[in-house]
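Let me begin by presenting the structure, written as structure tokens, before commenting on it.
Chain naming follows the written order as A, B, C and D, and within any one chain the residues start at number 1.
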Amino acid sequence: MSPALPREILIHTIAGLLDGVRHVAVGASSPIPAAGAMLRRALDEAAREVRLSILGSVRHNFFTNGSAELFDSAAQGRLDAFFLGGGQIDGQANVNLVGTGDYPKVDVRWPGSFGSAYLYFTVPKVILFREEHSPRVMVDKVDFISAPGTSPPGVYRPGGPVALLTSRCLFGFDRARPGFTLASLHPGQTLDDVRQATGFGFAHDPAPPTTPGPDAATLRLMRGRILEELAETYPAFAADWARDLAAHAPEGATA
Amino acid sequence: MTSDLARLARRIRPGMTVALPVDYAGVSMAMTRPLIDNGAGDLHLICVPTGGLQVDQLIGAGLVRRVETSAVSLGEAGGAPRFNAAVKAGRIEILDATCPAIHAGLMAAQKGVPFVPMRGLIGSDVLARRPDWRVIDNPFAAAGDPIVLIPALCPDVAIFHVPMADRSGNVWIGRRRELAAMAYAATETIVTAERIVEDDLLADETTAAGTLPALYVTAVAEAPRGAWPYGLWGAYPTDTDALKRYAAAARTEDGFAAYMGSEVAA
Amino acid sequence: MTSDLARLARRIRPGMTVALPVDYAGVSMAMTRPLIDNGAGDLHLICVPTGGLQVDQLIGAGLVRRVETSAVSLGEAGGAPRFNAAVKAGRIEILDATCPAIHAGLMAAQKGVPFVPMRGLIGSDVLARRPDWRVIDNPFAAAGDPIVLIPALCPDVAIFHVPMADRSGNVWIGRRRELAAMAYAATETIVTAERIVEDDLLADETTAAGTLPALYVTAVAEAPRGAWPYGLWGAYPTDTDALKRYAAAARTEDGFAAYMGSEVAA
Amino acid sequence: MSPALPREILIHTIAGLLDGVRHVAVGASSPIPAAGAMLRRALDEAAREVRLSILGSVRHNFFTNGSAELFDSAAQGRLDAFFLGGGQIDGQANVNLVGTGDYPKVDVRWPGSFGSAYLYFTVPKVILFREEHSPRVMVDKVDFISAPGTSPPGVYRPGGPVALLTSRCLFGFDRARPGFTLASLHPGQTLDDVRQATGFGFAHDPAPPTTPGPDAATLRLMRGRILEELAETYPAFAADWARDLAAHAPEGATA
């Protein structure tokens, strides 16, 4: 079997971050988080049920009370994990989904804050996921706080960020300090690469570990059942993944 | 059908507050062109809780003064070009919200109360930019416990599309309960339906469970494929290619005008 | 079936807050005897929004410390004898409410907020007797505008009966949305169903519209005619004669004991 | 045709009070208000639709959002008229549905306030309807205010009482004074009868008019279609009414 592809490292890392969750929700255009959640579900299925809600999907929608129900379920403590992206993410884990420059007549306008200003407060495990890891995304200070990374004492906040996963590395988040700590570098990345790509300071070991990939059994599960499950909802992404796999297959294993 | 839709569109008058649903909940795209032809502008749009193609086209047509929303985008087809341009140019006022705040405002209207409280938001610029929202100290807490109050959102009109309606004006919304929330909150509700059925939707408990009663429905018209290019659950999927065609064309004002003059009118 | 119901009843522990539905919404009368046999007392009942036979029997059996309700009665069969006697003797604490205040408290729990505001009430003894409710001045009003705040009602358990459930634990509640409201607000939800069906209730949009998802359902057991002597919408009507038999018997404590020893056990 | 029966006078009077409403709700055990609303609906059907909700009924329930929807519809101004009874009603139109004596260990306990403490404030036309007209019901001051008849300035109150209908008479209610004014005496009642049966003071003409009964066409409508419609939901009441009619039928008209 060929070694894990970059996207497979991400999917596997997400499944690890979701360890212990009972219910995870992902956005409509989030195939990698969805694949990570599907992997978590598959790994845990002997032990317990992991529920996966894909927003906007009919098939992966077990809500029956309209689009408010996701937020209500978070309010009730029935949603354990959620993913947030962001046009900008800063070192305090503030996220900006609105735009750059002076609000409201911004220079670049993004769609808007969606549910971030609520779910970031109420979902215990919020995983920041943004593949692009560059100084324009990972900034010192966001231009607009769609949702703050931390809150002062006295503010009701059972939830918040636990990690930031990018195409380069995985950060943990320390709510007390507050700030990010480099947890691991993805294969091929150096500490220096990450430093240069990151507009905010972060804590790190002198020699950070490499993000572990899936073992062979897990990789087989991913390339078999998970790829198949994913294709139902994200056909374009699944086809792309399958093409990548074919391109990287060892000689003689190609058709 | 066209004249029916034009009749519905005439209920919209300049300056009205209009609630529109999220992409996947049943957008009455069939009403977009009649709304533009009707010409009533200076509209305040409330996106429940986010907006897309319809909002972008109404903005492009110059009918919109203000948008209250948690986001506007074309989903897989990218950013909403006319919305983005109008915001950057300051041609529309934007009231940035977050999804549950929109739901909360509608709920306040449904319950006839001036506000409802909502968790989250504190420390965000979403809150900082909303002088119409308030923060109070939770009167039930022993120690300080700040909480945001969202004022009632009372649309003049809600407009959406559903799979079916009956002859009495009951409309089947299935599990898209946000459509009911919009109708409860709004003074008037205008509905387009894939088809008009002869059976009374309230006569059978199974269909009644997903029915918004005629009590809340001001006018209904039949509009087959009325959500296109959006999909309608259980009926047809989103036509992403059509959304992308629009996204490409509407990058410029001229491109938007050309698109609206051709594709939509066809 | 009986052992299933006993298993469900064992989830109830002394001192719990238990939400029960109104007569016509799906009362799990089948659970009444198992709850009494289980013996967990000191219960705080929340009637959503009013109570009847089940509440009266749990009170008669001595399991209830406090009742929060907008009313308790046997409808056409008259007053609730054990409730009335217990209130008059001061054996239970009564928190008199009004229907929409019960709904408001559950809504607050559903939304994860400490309170929601509610109109009405001001000047009533209902409000005067509820030190747990607050009156504030509406912060959005220019002049003084008093408004009541109802704190969240967070039941430990909700118990109700439905026409059907599937093998995954999804339950069909039809248009009785107060059952969903109870489940959203409660930590656990125990459901009895007329029948367990093999089809996935969420797989079809028509049944999904009236379905409370398994996410909110802790345990389900089959209990044919499980609402009797109450009716179940679309299934069977209320057995008013049975209610009247109970009403006559339960006028006295001895009569109640005799009734519970015979009819219900049968 | 035999002259109007006492219950027919009540039904007809209620239909008159409901003039102009679009949506009226009645309680599950309220056949006379329901019949009045059905008569209103029949009288108006050429001109406009009158909606009738009977609480707890499956057939006459066009709500689909559970038992909260009645109150929400009132909040939204979509419910024009409602009926309230009361174990005690006083001269300020305060109603008591809870009990007599010292609360909470009352001497007599009634079921409870139901939705009165809300609907009395929010429904524009609340009709107080209590057939028993005696000093124990019509009291000077209720022992427990389930819902107050009036509210001080500044209290949000678009609704309130417009009339009190009993087996003896019809009162109007003046919110400004506040107090009841005798509008008419039912056939056979005298001002003195009413005075003696009423524990509160009320305004009245020296010679109050008699409550008008239905004309012949209306009476035919009531004894035909309305009786039939009513029988679907209130079979016992309808059968009783039909028995009364048979007993009062003129000689020769009986079967």
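Of note:
Assume a residue touches a chain if its C-beta (ideal position, glycine included) is under 8 Å from a C-beta of that chain, and two chains touch if they have at least 3 such contacts.
Keep in mind it's a predicted model, so treat the numbers as computed, not measured.
The fewest steps needed to get from subunit A to subunit D, moving only between touching chains, is 2. Two chain pairs, A-B and A-C, are compared here, and A-B has more C-beta pairs in contact (counted per touch definition above). For the pair subunit C and subunit D, the distance between mean C-alpha positions equals 29 Å.
The centroid of the Cα atoms in subunit A and the matching centroid in subunit C are 41 Å apart. Centroid to centroid, with C-alpha atoms defining each point, subunit B and subunit C lie 36 Å apart.
The set of subunit A residues touching two or more other chains comprises 58, 63-65, 75, 122. In subunit B, the residues that touch at least two other chains are 107, 111-113, 118-119, 145, 147, 175, 180, 205, 208-211, 233-234.
Contacts between chains form some other arrangement here, matching none of path, ring, star or all-to-all. Here the touching chains pair up as A-B, A-C, B-C, B-D, C-D.
Partner subunit C is touched in their complex by these residues of subunit D: 28-29, 56, 58, 63-69, 71, 75, 97-99, 103-107, 109-122, 144-148, 151-152, 154-156. Contact residues of subunit A toward subunit C in the complex are 23, 51, 58, 62-65, 72-76, 78, 122.
Listed in rising order, the residues of subunit C touching subunit D in the complex are 22-25, 48-50, 69-73, 75-76, 79-80, 83-84, 87-90, 93-94, 96-101, 103, 107, 118-129, 143-147, 175-181, 233-234. Listing the residues of subunit B that touch subunit C in their complex gives 104, 107, 111-119, 134, 136, 138-141, 145, 147, 149, 151, 173-175, 205-211, 233-234.
Across the complex, subunit A is touched by residues 109-113, 170, 180, 184-185, 202, 205, 208-216 of subunit C.
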